[in-house]
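Below is a structure I'd like to ask you about.
For reference, chains read A, B, C, D and E in written order, and residue numbers begin at 1 within each chain.
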Amino acid sequence: ASADVPIVAAATSLNPALNEVAELFRNRTGGAVRVSYGSSGNIARQIIHGAPFEVFLSADENLVLSLVDRSLTIDGGSVYAIGRLALFVPHGSSIQSDNELRDVKTAVSDGRLQRLAIANPQHAPYGRAARQLLEQVGVWDRIEDKLVLGESASQAAQFAVTGSVDAAIFSYSLTLSAVISQRGTVTLLPEQWHQPVRHRMVLLKGAGRTATAFFSFMQEPATRHILATYGFTGPGASR
Amino acid sequence: MDWSALTLSLELAAWTTAILIPVGVLIGRTLALRKFMARSLVEALIALPLVLPPTVLGFYLLVAFGGASPLGKIYEALVGRPLVFSFQGLLLASLIFNLPFAVQPVQRAFESLPVQIREAAWCCGMTPWRTFRYIELPLVWTGMLSAIVLTFAHTLGEFGVVLMVGGNIPGETQTIAIAIYDRVQALQEQQAALMSAILLGFSFVMIGFIYYLSDRTRRNHVR
Amino acid sequence: MYADRNSGLQVRLQQILPIPLDAQLHCDMGELLVLVGPSGSGKSTILRCIAGLADAATGLVRFEDFVWLDTESGVRLSPQKRSVGLVFQHYALFPHLSALENITVVLDGLARNRRRADARELLELVNLNGLENRRPDELSGGQQQRLALARSLARDPDVLLLDEPFSAVDQITRRKLQRELARMRHHLELPIILVTHDLDEACVLADRMCILHRGETLQSGAPYEVMSRPQTETVARLVGLSNLFKGKVLGHDSVRQITLLDWAGYTLQCGHHPEVQPGQTVNWVVPPENVILHRRHRPSRGERENPVNGVISDFVVLGGDASITMLVNGDPHKPLSFSLSTHVAHRNGLGTGEHIRISLLAKGIHMML
Amino acid sequence: MDWSALTLSLELAAWTTAILIPVGVLIGRTLALRKFMARSLVEALIALPLVLPPTVLGFYLLVAFGGASPLGKIYEALVGRPLVFSFQGLLLASLIFNLPFAVQPVQRAFESLPVQIREAAWCCGMTPWRTFRYIELPLVWTGMLSAIVLTFAHTLGEFGVVLMVGGNIPGETQTIAIAIYDRVQALQEQQAALMSAILLGFSFVMIGFIYYLSDRTRRNHVR
Amino acid sequence: MYADRNSGLQVRLQQILPIPLDAQLHCDMGELLVLVGPSGSGKSTILRCIAGLADAATGLVRFEDFVWLDTESGVRLSPQKRSVGLVFQHYALFPHLSALENITVVLDGLARNRRRADARELLELVNLNGLENRRPDELSGGQQQRLALARSLARDPDVLLLDEPFSAVDQITRRKLQRELARMRHHLELPIILVTHDLDEACVLADRMCILHRGETLQSGAPYEVMSRPQTETVARLVGLSNLFKGKVLGHDSVRQITLLDWAGYTLQCGHHPEVQPGQTVNWVVPPENVILHRRHRPSRGERENPVNGVISDFVVLGGDASITMLVNGDPHKPLSFSLSTHVAHRNGLGTGEHIRISLLAKGIHMML
């Protein structure tokens, strides 16, 4: 059965957007896929060790490129979305949100900001972006010891929704979930302050017809639309 | 609620427990009754799977079982499909990871078995197997109970190793633990809470029932 | 000494550590050998060696033609292969099984019904009927002991090893069990080695008795033989003989077949012991029944033999017998005990402090080196 | 090699073990010696932390300890700093998570203690405390040993809960398990392997040493 | 029946389940009460109730003015608060502690040196010097038992409860320990309750003896009193009396102070028992020492009293005594036992199958309802 129903490995951040895409794909083409979510790093490693995935939707472009280098893919794949960062300030926090992080800077100085959650810049793409952004704003040095690092952007968001941090910076797409929007204020941050978070997908060696079809389906306007409603803007000019 | 994930978890836990308890009894008994030089070292070795973070252990197991490894190659040659990202691979990883839980309580139970009772069995002409079956096993039963409960519960909740070795394939290697994790990651709090509650309730009833039964058998022995 | 005999159970054990052993035993088919010795002398250890639960440094255990242990040729059968029934001193019952199950579990290879029937029979033998379903910890001490005895028989063993099997049961039950044992012995014709502290029990049950001291078998023989003719002072003490003294050999009179002994100022005529040298100091013992009171009103038989004077230091009436301790010449280091019918004692006006005269029958005096 | 993470892990494991063993002895002893209706239920309850995937458990603990929770508020009011993302919070989570490992082996050990021995102690006039200290404790020692090793090892390797409640703050809540995980995720495989090897070697020596010592003390008792 | 007396230890226990009990005991200061009863009769259970390890449904345990248990007023002291020394039937030693530590651990509150000195003294008392550092499993059965005895004394108890404390030690050590116990008893002046199966031991040690049967205390009194004047047939059996028969009361002769009994065709003259009714069937017993052989050559005292004929069915010589069983009128259901000096037996040519004539001394015949 697995020959007919390819496994699509996708970054955790695509949940639940991708579920909706898969649903639409089934309705449109009659083809079914199974989605295996995980951190992009884990998925890449699993692919290296022979995981039976046919499509890889990564949150981290570099990981895809490293697979390409190892000739585990059919081609170089394509970027299916560009991620943005958002500032989330939970209700009850004394931080004022603004899209230039002015109050964050002040709060760092006057001690109001004790804990800021981001994803781990060591390996999470949104963590790297957050770090670039904070460096750009010029608070990185002062804020470094106030950081709470999530394994992924999603975990940074979890820190935020439990009210355990004063503010958090993670992917804009997550802020669209009901849980987040109900529990704090969300501010989209300028995209030029960090390198774009490019989400690249790729067809893996051995991908079958359904997988190829799904890969193309990912680039169709209907899909783009769904992704957009979940906060993933299309590649547009970036490609 | 993702019932297939729950079923898969229960299956994995049941298999792990079923395979591991005999292994635990064998190893635990040997460690308890035989005195050999390297005993402390073997005991320490068995505790080691606990020390590594599960995901990392999972990563190394992935390397060890993967298609590039000798084990993986042999398995694939024999069975015709890869060991990793399959239920079998998951099970193997789960067995390794839960070894300490299966060995330790049983070993302690064997250690507290009075020597004279085994000697009495021998002097009654009971074969080693009969002695084991009718004298030793019933007397180490509570130790096995601990082993069963710890192994079972820990397999249900295990996530890092399973995610890594199994690859989170729905219906195949996606356990309930991973399914819940996915929901939490996707910030679907209500779904996650519901699944957690079901898992907890289910386990609570199940483990409580195991304890209750064993209590009753112990009391029944009295009659 | 039994190395050439090939029947029954033969045991030879030697070691220094952990427990010194130098034991030689033989127990024929149908024979009951009682092992007697002070606490800690190694009785249980010897039984364990025979059963295969302990190993001696060097030794041989042979039952009929089967070698169970031979350290020289490296033979060492497992306990399962030695068909022994062992009653452990501390019973070692299976705590999780009922009395009945404690026995059925041993009866391998039989059909279930048959097993239960056999087990019930054994329980009946030891008076435990009605308690089949009790677990050991719900039985009294004596009941546990009897269960252990029943279990040791379940295997239908070739050799029975009993480590104080009656110590915890009352006298009536004990007598019943002793009778059963005697019956069984003649019926089953197996060697039985029994450890006991009760010398009366030993005398009643034993065909032969073996005295153990610090791991060493000192003497064995018929109980009466051992009790009345101990080979050494130690044996005499171990079998609880009183009237044990040291004297100096004066010489032999081979015509009258007597040996003369100097003791406490008396010259004692004793049975002929040609093995002792004149001038030698020897131990001697006189059993209480060879002590004759000189009665006040009528002379007794044997009054001329070895008359000795003394003062009564202890006079205890127990039922029909009076037990008397007399200090020879009033010397507190020379207490001499004997007993009398209570009415004889009364008729002769005996009591503490009375001066009396007794005779030691020559043929009753036994000398040891 | 990240020594501060290793130190932190060892500290956490040591504290967890040190606090949990007395608790385990208390609970385990109560469960073993007192007969009460709900015993099976309490026993099942104690096994439950194992059933949830650690990250999920961590998430719920984060909710329970967080600034919005009553516990978090009380703690912050008393101590002046939040419970979460602190060593104390980590410790608390670790205690909850390891409870089954501390309770089960000790409970079994208490269960296998012969009644008569405790009775003998009472009849010798020994106070309950003296009985506990000089008779019961030495006799359940091997059970405690299992509890110690399982708790210690499991705390070293625990990652999901720690990451969630601790927030991966270097020098404060970043344990060696998290550090290794981060290296693995960042594809710094050699560093990860080095750290894993050091952690494993260290634990092996340490646990082996614990076993060896306890073996020797048991043998020494003999002299 | 002792409810008004306020000294020593008083015990009253009643229950149906789990083990039926209906016991009443009293043991004065300095008194040694021996509890005798068949295996499973509840002896250990009673000691456990006294020590506070078991609870009776209703009962009272009082030591001097201290109430230890009173189910009516709900008093129930913990075992620690009842100052008892208890030797368990199965010893219950602390397995992880050395012999010395088994005792020092009990000696709370003393300085360390003092504790060790005291413990060594106790070990010496029970002949265990040299074995201080052995753990219980490295001691022989008897050594373990002695250690248990020493430990029970360590607490310096007000009451001593000994559950078969000498069952596993050899006779020499046993005698030594019995002597120590006797010495201690007079020295320490505490009530001692001792359980034993050894009636000889009971007779030697006991000030009073109490017979227990199925949890019920049947009779208590001086050992000789109980043994020779049992109140019921059950007691007679329990103390192991032989020569127990049933007869029919013919009537009383108040002038000669005798009661006449019809038995086996004889009319027996017995001591006066006014409490029995003519026509009633009673149990009677005659102790062996009140059986007199009619000798061949010289008449014995008392030959006119109750002459009875019979055939010897059993003739066993044991040392100086011969033990004889005679079937009255040849009836195998009426065996009568007595003993004689061996030489008297031989002089009279006794042996199995011989017809003899004996007399039953009237004053020795005891009747029970």
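The working rule: a residue touches a chain if its C-beta (ideal position, glycine included) is under 8 Å from a C-beta of that chain, and two chains touch if they have at least 3 such contacts.
Computed from a predicted model, the values in this text were never measured in an experiment.
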In terms of touching chains, how many steps apart are subunit B and subunit E, taking the shortest path? 2
By Cα centroid distance, the chain farthest from subunit E is A
Using CA atom averages as chain centres, what separation in Å is found between subunit B and subunit D? 19
Whole-Å gap between the CA centroids of subunit B and subunit C: 57
Rounded to the nearest whole Å, what is the centre-to-centre distance of subunit A and subunit C, using the mean of the C-alpha atoms as each centre? 91
Cα-centroid distance, subunit C relative to subunit D, in whole angstrom: 59
Shared-interface residues of subunit E (touching two or more other chains) are 90
Going by the touch rule set out above, which residues of subunit B reach two or more other chains? 55, 59, 184
Two or more partner chains touched - positions in subunit A: 42, 45, 155, 158
Go ahead and list every pair of chains that touch. A-B, A-D, B-C, B-D, C-E, D-E
The answer for subunit C against subunit E in the complex is residues 36-40, 42-44, 89-90, 139-143, 146, 163-164, 167-174, 197-199, 203, 224, 227-228, 237-238, 240, 287-290, 301, 318-321, 341-343
Which part of subunit B faces subunit D closely enough to touch in the complex? 39-41, 43-45, 47-48, 50-57, 59-60, 100-101, 104-105, 107-109, 111-112, 142-143, 146, 149-150, 153-154, 156-160, 177-178, 180-181, 184, 192, 196, 199-200, 203-205, 207-209, 211-212, 215
Note which residues of subunit E are touching subunit D in the complex, please. 51-53, 78-80, 83-86, 88, 90, 92-97, 105-106, 108, 133, 135, 138, 151-152, 154-155, 157
Listed in rising order, the residues of subunit D that touch subunit E in the complex are 114, 116-117, 119-128, 130, 134-135, 138-139, 221-223
What part of subunit A is in contact with subunit B in the complex they form? 2, 7, 9, 12, 15-16, 34-38, 42, 45-46, 49-53, 152, 154-155, 157-158, 161, 174, 177, 179-180
